[in-house]
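Got a structure for you, questions after.
In order of appearance the chains are A, B, C and D, and numbering begins at 1 in each one.
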Amino acid sequence: MKHEWNIWVVGGDQRQAQLAVQLARDGHTVHTYALERAGELGEGVEPERDLRGAVRADCVILPLPVTGEGTLLNTPLSEGSLPLAEVLDRLRPGQIVCAGLVTPPVAALADARGLTLHDYFAREELAIANAVPTAEGAIQIAMEELPITLHGARVLVVGYGRLGRALAPRLAALGARVSVAARKWSDLAWIEAEGYGVEHSGQLRGWLCGYDLILNTVPARLLEEETLRDLKPGCLVLDLASKPGGVDFEAARRLGVKAVWALSLPGKVAPVTAARAIKSTIYNILNELGV
Amino acid sequence: MKHEWNIWVVGGDQRQAQLAVQLARDGHTVHTYALERAGELGEGVEPERDLRGAVRADCVILPLPVTGEGTLLNTPLSEGSLPLAEVLDRLRPGQIVCAGLVTPPVAALADARGLTLHDYFAREELAIANAVPTAEGAIQIAMEELPITLHGARVLVVGYGRLGRALAPRLAALGARVSVAARKWSDLAWIEAEGYGVEHSGQLRGWLCGYDLILNTVPARLLEEETLRDLKPGCLVLDLASKPGGVDFEAARRLGVKAVWALSLPGKVAPVTAARAIKSTIYNILNELGV
Amino acid sequence: MKHEWNIWVVGGDQRQAQLAVQLARDGHTVHTYALERAGELGEGVEPERDLRGAVRADCVILPLPVTGEGTLLNTPLSEGSLPLAEVLDRLRPGQIVCAGLVTPPVAALADARGLTLHDYFAREELAIANAVPTAEGAIQIAMEELPITLHGARVLVVGYGRLGRALAPRLAALGARVSVAARKWSDLAWIEAEGYGVEHSGQLRGWLCGYDLILNTVPARLLEEETLRDLKPGCLVLDLASKPGGVDFEAARRLGVKAVWALSLPGKVAPVTAARAIKSTIYNILNELGV
Amino acid sequence: MKHEWNIWVVGGDQRQAQLAVQLARDGHTVHTYALERAGELGEGVEPERDLRGAVRADCVILPLPVTGEGTLLNTPLSEGSLPLAEVLDRLRPGQIVCAGLVTPPVAALADARGLTLHDYFAREELAIANAVPTAEGAIQIAMEELPITLHGARVLVVGYGRLGRALAPRLAALGARVSVAARKWSDLAWIEAEGYGVEHSGQLRGWLCGYDLILNTVPARLLEEETLRDLKPGCLVLDLASKPGGVDFEAARRLGVKAVWALSLPGKVAPVTAARAIKSTIYNILNELGV
């Protein structure tokens, strides 16, 4: 990045605070708003008392997810509550605004003001980068919850998308005996080519009795009561899939199966790394916009 | 595979011969034709003297590539030459025929006889499975050609498709310091997530002077004279890309750069494994056809 | 193990409780004493109210460490306190007794009663097996404490004994850039042969400013004030060495360096695995004694 | 290495030639003798016509092994033959001389002239460093000989010393299912801790029928006729042990088992890397001698 930009970071959690720090370290002029409780963010980061200067920003960065309740901006590190519309009203049509997880109503709010929200969370490269802290977070939880080592444990990863592909080699390298369940021929070919045991997502029932740990990454109810019934005592089920998740938690509770639904791990377990991934994605967006 | 099928394997190299052996071991009735020089293929494989019985086959398997010169069947393990049309004439319309690398003229020949050639080489799962023997073959050649160990060598993999993804972890595990060059943001994100050094395919010129080994997997002329000029003495260039390849071999020769174009490695370095991958793909095709 | 033995497990923590469970599953008759608070240990494990039957045991297993304060048996899962002498008095001369971390005064107590305590903790194979849960526990703590992922982190492992050798490949496989510090030529050769960066334990001062995480495994004060002063803000120091440890914690506190002394991890993070390792070691001892 | 030394490299194969090149690159003054057929060794390496100047060398480096037939110097890259005594006669008592594989008669020759031959091949760190090219060479041969990929192959490594420890992780990373055979409890504990299957060296008979590849590293006849008889057709046996080796080759021939005895791989498959390891070991020797 050759240019020094004027960037505003408005709202968000520790990731946004870290993002401000890192952007300043890269040499940009950084202003923050609605991040008061993030503490001192160091040289080059200017906390602002109002949004007046934002109109001059080369890029305004909104949180991930951009809104909390309704259309209030997501501002866990701020005292007050701030409608997103109030922020957008301060910007000029055509100004570059990046935001995470932009829903249709939010996009409409922006559109009405001649603004496009560039959704960094919709970008493939951020999803890939986030798979790493998510995988590490899942491994941390598994280590905390299990009375056995991952070394020697029999582990099933359900799904071989980005997250499955980040989980499997890490678990194997820690000494777990890893199988992966998928449905497509090509995914099954990858699972074999990368040396894991193969299970078929559509035929899990009756095949799960040997596992010590099951990590679900698919947002579809693959782990139903009938399937959970097979698990051996002490097997831990970690659901990493976004809503609606893949585990029937109600059934798990009834059956005495320990099941944990772990969401949004990157921001929780590695906010500095998560911020770095957002920063890199925003640079890509600006690069494509020819900034 | 529950059924016992009647399968004909017609023409091809050691892979086809091995395929016949493995199909027989799975319990199918296997007939071969135009594989005379493959030697004894063991119990359950019936070498035929003509194609008369082929019309009763549940599945006829033709070679990879299906044709050699012109529209002659590819029959390196047979004395005579056999026009593909002659084989197709013996089959009945609608009969299941699998073949590898079906070109439009070949497809037309089949079409004219009411036959569809199911191209197993066009299937994603075979391409994935073939990445493994290709990667091993490339590593074998690199070991043979280089006077240094891969351990400690600086290696660049150009391209992060199937083959790049099979090469990089193997090389890294052998102790090489691996970088991967790609163009797309998402590929670059994967390269970083999987812990390799990152290069940009579009900007190789001027960045290659440190490498001991360069493995190209992209069928586009990325390694031109200007780029090859940067290589340090003794650097080995292995081109694994199908035609037109990615290396200017003429320039390499002029510059004294050792460059090797290694094609069709699976059948050469691991025919038994290559046959296994074809068999598994054909089972998938039959499964989808509801056989 | 072909024989069914009569085994007494007396005192200890969750590892000893798990050991009783696992011995019973292997088909042995297991009696426990001073493990009341361990909960229900399942079929085949008989909790005893006194030590009268212990004299008939083929093997009596005492805790790790065998004594807590003074020469009291180490009984964290029991209400009362139990002098070790009282246990030994109940046994017959020559009876097989296994115990962990047997100090000279403890050995003398046994000797006076014609007993030899076979120290399972002194066995090389247990130390090796314990390196695995210790490494996993260290990784868990690092993940919990650091706001970055291990992926991409620069990590230094000090010492390349059993624990260093278990830590380095795990960290590397998680994507950390791992260096190892050692002193002996042969250890340095191994570090290089296994592909890690090399540091010299005797010359750490001035070389540590780049690391995000330092894991010490050497029970010698290598990380003094002068050395800790070099660390970059946010660097985490994990001391895994037994007493006296390798870190000047007082200096770390003064310098604002986050330093954690993590001891006895196997029993804390993976009691079931730790019990399995003890069991396997005790089987080796019995095997050597010709039982 | 701060000093510039005057070094003579006398006799030897491509490793010694490469050693001369690398020493010159490190800034030392290098003279060679009896390496005429090595070709041009580049700037800083002075080929000598006689040994007169050798007496002024800070260090004289003799080959590995130092002698070929009888007590002739090992000089495969020279036309003539050169008695070792003739070389030693040219040196002054107390001069530093390094040599590889010094036998008692050779040591006696030196002793008679007031010289000590420092045996670099006897050093632990060189043996460790050589394990890497030996492992790569073994993998190369296995890839060349087997019609299957190492990926998916069932492989047994016999022995878990330096070479076993270099082989197992490489094979596993290539996708092989690796077991290791050893005898000592501590080696067996390592094999388990590092995630390989466990076999017992003393009880191989009857357990080998599943393997596709067996790599022996133990110089003791563990693979006798009775054991070889169990192997499945096509299983490859690679003996990497120095004399007397570990395989009954006569029996293998009778049984139709393909067995290859591969010796001295580092110099053959990676002379540049092998030279680097020797150089580094010689630096350690000089460092210890306080040069």
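In this section, contacts are C-beta pairs under 8 Å (C-beta built on N, C-alpha and C of every residue); 3 or more make two chains touch, one makes a residue touch a chain.
For reference, the UniProt names are A, B, C, D = Dipicolinate synthase subunit DpsA.
Note that the structure is a prediction, hence the values are computed from the model and not measured.
Student: Common contacts of chain C and chain D?
Tutor: A chain counts here if it touches both chain C and chain D, which gives A, B.
Student: Just grab the chain with the largest centre-to-centre distance to chain A, centres being mean Cα coordinates.
Tutor: D
Student: Which chain pair is joined by more contacting C-beta pairs, B-D or B-C?
Tutor: Of the two interfaces, B-C and B-D, more C-beta pairs touch across B-D.
Student: Averaging over Cα atoms per chain, report the distance between chain B and chain D in Å.
Tutor: Inter-chain centre distance comes to 36 Å.
Student: Which whole number of Å gives the spacing of the CA centres of chain B and chain C?
Tutor: Measuring from centre to centre gives 50 Å for this pair.
Student: Where in chain C do residues touch two or more of the other chains?
Tutor: Residues 132, 151-152, 169, 175, 193.
Student: Spell out the part of chain C that touches chain B in their complex, as residue ranges.
Tutor: 151-152, 175, 193-195
Student: Quick one: which bits of chain C touch chain D in the complex? Just the residue numbers, please.
Tutor: Residues of chain C touching chain D: 123-126, 128-129, 131-132, 166, 169, 185-186, 188-190, 192-193, 284.
Student: With touch defined as at the start, can you tell me which chain C residues reach chain A in the complex?
Tutor: 14, 18, 132-133, 136-137, 139-140, 143-144, 146-152, 169-170, 173-175, 269-273
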